[in-house]
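These are the structures, in structure tokens.
Here chain A shows up in two complexes: once beside chain B, once beside chain C.
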Partner chain A sequence: MDRPEGKTGIIGWGVYIPRYRLKASDIAKLWGFDPTTPSSLGIHEKAVAAVDEDSITMGWYAASSAIKRAGIKPEKIEAVFVGSESKPYAVKPSGTVIGDALGVSRKRLTTDLEFACRAGSEAVRLVVSLVSSGTIGYGLAIGSDTAQANPGDVLEFTASSGAAAFVIGPAEDAAARFEAVVTYVTDTPDFWRREGSKYPMHGEGFTGEPAYFHHITSSVNLLMEETGLRPEDFDYAVFHQPNGKYPLRVASKLGIPKEKVLPGLVTPWIGNTYNASALIGLSKVLEEAKPGQRILVAPFGSGAGSDAMSLIVTDKASARVNEAPTVEDFLSRKTYIDYAEYAKSRHIIWRNWG
Partner chain B sequence: MAGSFEEVRIMKNSISIFWRKRSDFYKIRLTKCLECGKVSFPSRTKCPYCGSKNVRIVEASGKGTLVNYTVSYYRTEDSDELQPRIIGLVKLDEGVIIPAEIVDVDPDSLRKGLRVEAVLRRLKSDDPFGLIYYGLKFSPVLK
Partner chain C sequence: MGKVFVAGVGMTKVGRIFNKGYKELAMEAVDKALNDAGIAVSEVDYLVVSSAFSDSLLNQVDISSILAQEMGIDVPAISVNTGESSGVAALEAALNAVRAGKSNTALIIGVEKLSEFPSAKINSSFSHVLDYEIEGIRGIAPINYAALLLKEYMKRYGVKRDDIFQWAIEMHKRAEKNPYAYLRFALDLDKARNSQVISSPLTLYDVAPLADGAAAAVLVNEDLQTTIRTQPVEIVATASATAPPIYLRNDMLDMLATKKALERLRTTVKFKMGKDIALQVHDSFSIYGFLALEELGVCGRGEGVKAIGDLQYLNVGGGLKARGHPVGASSLYALDETVLLMRDSFSGLRYDGDAALIHSISGAENNAWLALLKR
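Then we have the complex of A and B:
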């Protein structure tokens, strides 16, 4: 396969998962849901950002870890793209704060991207294109969200907080090199948030078959068609993780056994981190995969679209794992909070100074 | 939350002061004296020990050890949601002790000698529509 993306790879990766966790059973009890609702969604608990955290602070941490693993000076990074649907500002780029706080070159391309949960994945695609064309040497792609859910909405079980970031550069230095990347996008009304609205809405029956399953199977099948690869050629498969069940079901539709999905499945323990969801899963796989193993990654974003990427792990990956906190480090660091603390942290309730 | 036009247009904090000093909010910048060799905080043009102007500004690694701390229950408008606040003295790996806010740790589990690292957090904000001010606090190290 002689594709432009083959000249590029992931040089360094990093994630951030907040310390605090809210049990799904607490949400079910508070709002009077059927107690089996969490298990039907495949969710035990979700990560909750602290009151002084947002998508900028979490994206900064993930990106600083990615730079440490890449082993390059921040000044060499010439692009910072941030995918988020929970930007602290409606107008003022997150990438300028993150880039300056990291000490990234000021001669950089910087923008924030919005495409529901796949804007971070689009950031990866853009940096891959810029590196493969020779426009830049290294770029930073970040997916970061403090996902919002209307209190009492079924989305509240899963909407959580987290970030992932990748330094992408030339394939020769890569921990995992890109083999092929494709994208499949349509106009689908499955999930949205209008300007001025604090919480998103979802199109009930649209979220499953016409949105998540159609777009991911389409992008993955497109990848297979264009590359000649088959499901059995992949050692790992990572999909967008809106809950703990959908990734296993879409794998089944594609003929991929669940044993290849489980290593990258993190939603049951941290919830759906939206733009970081599949990218944290990919990071976890990078921390255990062996050289030569092939990874399928298929993020999804409502609205709707999915990217399908094939990556091959190199012999440089394992030496970089312990250069920064791993996904397992974050999964095991946790402090449980109750719904009241969660409500304060996520600005669902405010203190009235009256 | 403020409501009226008069309330929402007021900026409590100085944007210009923050903008001029943003390098010191985003990085821990130390003053290394090229004459006496001592390192001090914050960044400045003159060594506080020997008075020499022959100094270089260097970035700290961001890691250190908690030397001492106090838990503050004093409530201000900026600390509205993050109460109580933990104010610590952190001995950086470069040997300099600096004052810093400590986050992500229960006051009951605080101890001297705790390894901490600098993390970017929201320091304060002119709510609901003004600027958000970011800067470094310290959190227990993960690795």
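Then we have the complex of A and C:
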């Protein structure tokens, strides 16, 4: 049976990773963690957005790169969806700012989505649906976050900043076409931030087995069941990357060798960019994959849900890689800062403003 | 005084059980214990429940009445709390009831459900087994005392840090064979040595994991003993003592409560301590395991490390260390494992001895409880 998502594909992709990096060992030292904590999480350092960056600025940058790679005029884009759990405004859409700044058509659908780390992934699904139904020609799905963590919480080692964006349109023009997409969602309270609360809470070990692992294995198994695909049919696998260890463990549970996961694994060097996490991983894979190769992407968001997507790379991808800064460019562009600079940049220090 | 026997035992798997509440865990253990004994729930005439943190973590005072309601029985139901050693205290309460003729068939349930909460809250509650007004408000937790004891122990007896990991390594070997254990994996020295420092010099593998679990046992009197289908194991005696806080002891390596409880046990019953006895000692931290072996006379002072390799029947389920520490249920797990061992149906072990001893303490040995079993 032809799946509607088969009519669509990723036309262009783009990412943004802030320049600044904070070493996990600095966090361990400051808060008195055991020095082995970073390695137990598989994290070396994390990307820190500068004081004048937020999920809108980063989302805009990623989206402008995606449009460059897509090679289309911004006016042709008829939807802008932004997935974030760190919106600069509680009320006021990020998508309107980004859309206008990009020069996207004003005859557009625009909304911000929230589903912990997988709202960006749901944005992808929504644009895929709109394109496949013929409602729109092209749409923009963005995942962007300046993730917060309670200072001294284990989450602080990984919570970082970054963005990824995709122009999604007709399969004929795609760098990678969608083969199938499925979603698995339950009510699972593994991670949350209450209204008015500055930092999220999490259920420690509960974020693992009943949340991350259960949902990703469920969505991926559902995908395999519906498509008849098997783990060995995929050349790459990209999972949500809350730390450097979970993606490898979930791969092993699914019978996917780690060699297929490592190319898209970026968390050890930039941290968990939340809504951009798996999507930056996917972008990195798109920049190295060969035509015909099949990519499994399974983002996860707490609360909880996971999407499993199968994508097939086309011969159009490689020519678009150098149309905008690559993931590798961003990974190698870095300046180390200390905890004090990080605290200032991420507004951890409270001060009066006039 | 009539004899009292364990007619049935039942345990749930220890671990972080996210999909079951405490009642479900308790009922699972109860069903298993009643089935094991071949006794209907309607025959239970006395209920003792042991749970250290039902009030503080499950918001449940008087958990025994609530569990009696859950089972649909209207029997006398009491809750027992002596901290980490609550399980043996509950066993004594049930034993006394049967001996006093107040009960023919007493049910004991140990249940703990900790994984509902972040570890900061669990650890905070766990530290309340110490004197809150003196130790608690100063931020002292049991682990800090254990770290001090370990430092002193290594210094006094010239024991090396690596030697202490033998405890965890041995316990993990046992847990691998225990279907109910939490940490069912082999541990090697390298892994133990490189684990996180929790309270220097204690590292992760010196510490028993706090966990969820429920264990139940059915006690019957001598008259009923002949009607049950399992091989009876007798609860011969229990004994206990409290002791001054550790900071008031002349020697912090003395387990004063254990020593006193052992003296009391010996006044009521004769038994031989040795390396071949089936023994369950309290090892919330590995150092307590060694100290208990030495205080109970299994080996000389400072010789625990040398002795442990020969102790085939020590903590057969993996101890608190590797079976896991569902606090109020822990020593009932020890009881159930020992009963199964004495019926020759645990971990494929064959135990020829006729006696077994269970040891349980709370906090920095604020109390100690002992139970002697015979077949």
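Keep in mind that, in the parts below, the second predicted complex is superposed on the first by the 348 of 354 C-alpha atoms of A that agree within 3 Å, B and C clash if a C-alpha of one lies under 4 Å from a C-alpha of the other, contacts with A are read in each partner's own complex, and residues count from 1 in each chain.
To be clear about the criterion, a residue touches a chain if its C-beta (ideal position, glycine included) is under 8 Å from a C-beta of that chain, and two chains touch if they have at least 3 such contacts.
Predicted, not measured: the structure shown is a model, and the values here were computed from it.
In the model built by aligning both structures on chain A, chain B fits alongside chain C without clashing. Between chain B and chain C, it is B that contacts the larger number of residues in chain A. In the superposition on chain A, A:293 makes contact with neither chain B nor chain C. Angle at the C-alpha centre of chain A formed with the centres of chain B and chain C, after superposition on chain A: 130°, rounded to the nearest 10.
Applying the stated contact rule after C-alpha superposition, one finds that A:97 touches chain B and leaves chain C untouched. In the superposed model, A:204 makes contact with chain C only, not with chain B. Touch criterion not met for A:318: it reaches neither chain B nor chain C. In the superposition on chain A, A:25 makes contact with neither chain B nor chain C. Look at A:50: by the touch rule set out above, it reaches chain B but stays clear of chain C. Note on the superposed arrangement: chain B and chain C approach each other to a least C-alpha distance of 31 Å.
No residue of chain A lies in contact with both chain B in one complex and chain C in the other.
Contact residues of chain B toward chain A in the complex are 1, 22, 26-27, 59, 77, 80-82, 103-104, 106, 119-123, 132, 134, 137, 142-143. Residues 16, 18-19, 115, 118-119, 194-197 of chain C are the ones that touch chain A when the two sit in their complex.
Within the complex formed with chain B, the residues of chain A that make contact are 19, 50-54, 56-57, 60-61, 88-89, 97, 100-101, 103, 322, 324-326, 329-330, 333, 335, 344-345, 350-351, 353.
Partner chain C is touched in their complex by these residues of chain A: 34, 36-37, 40, 201-206, 209-210.
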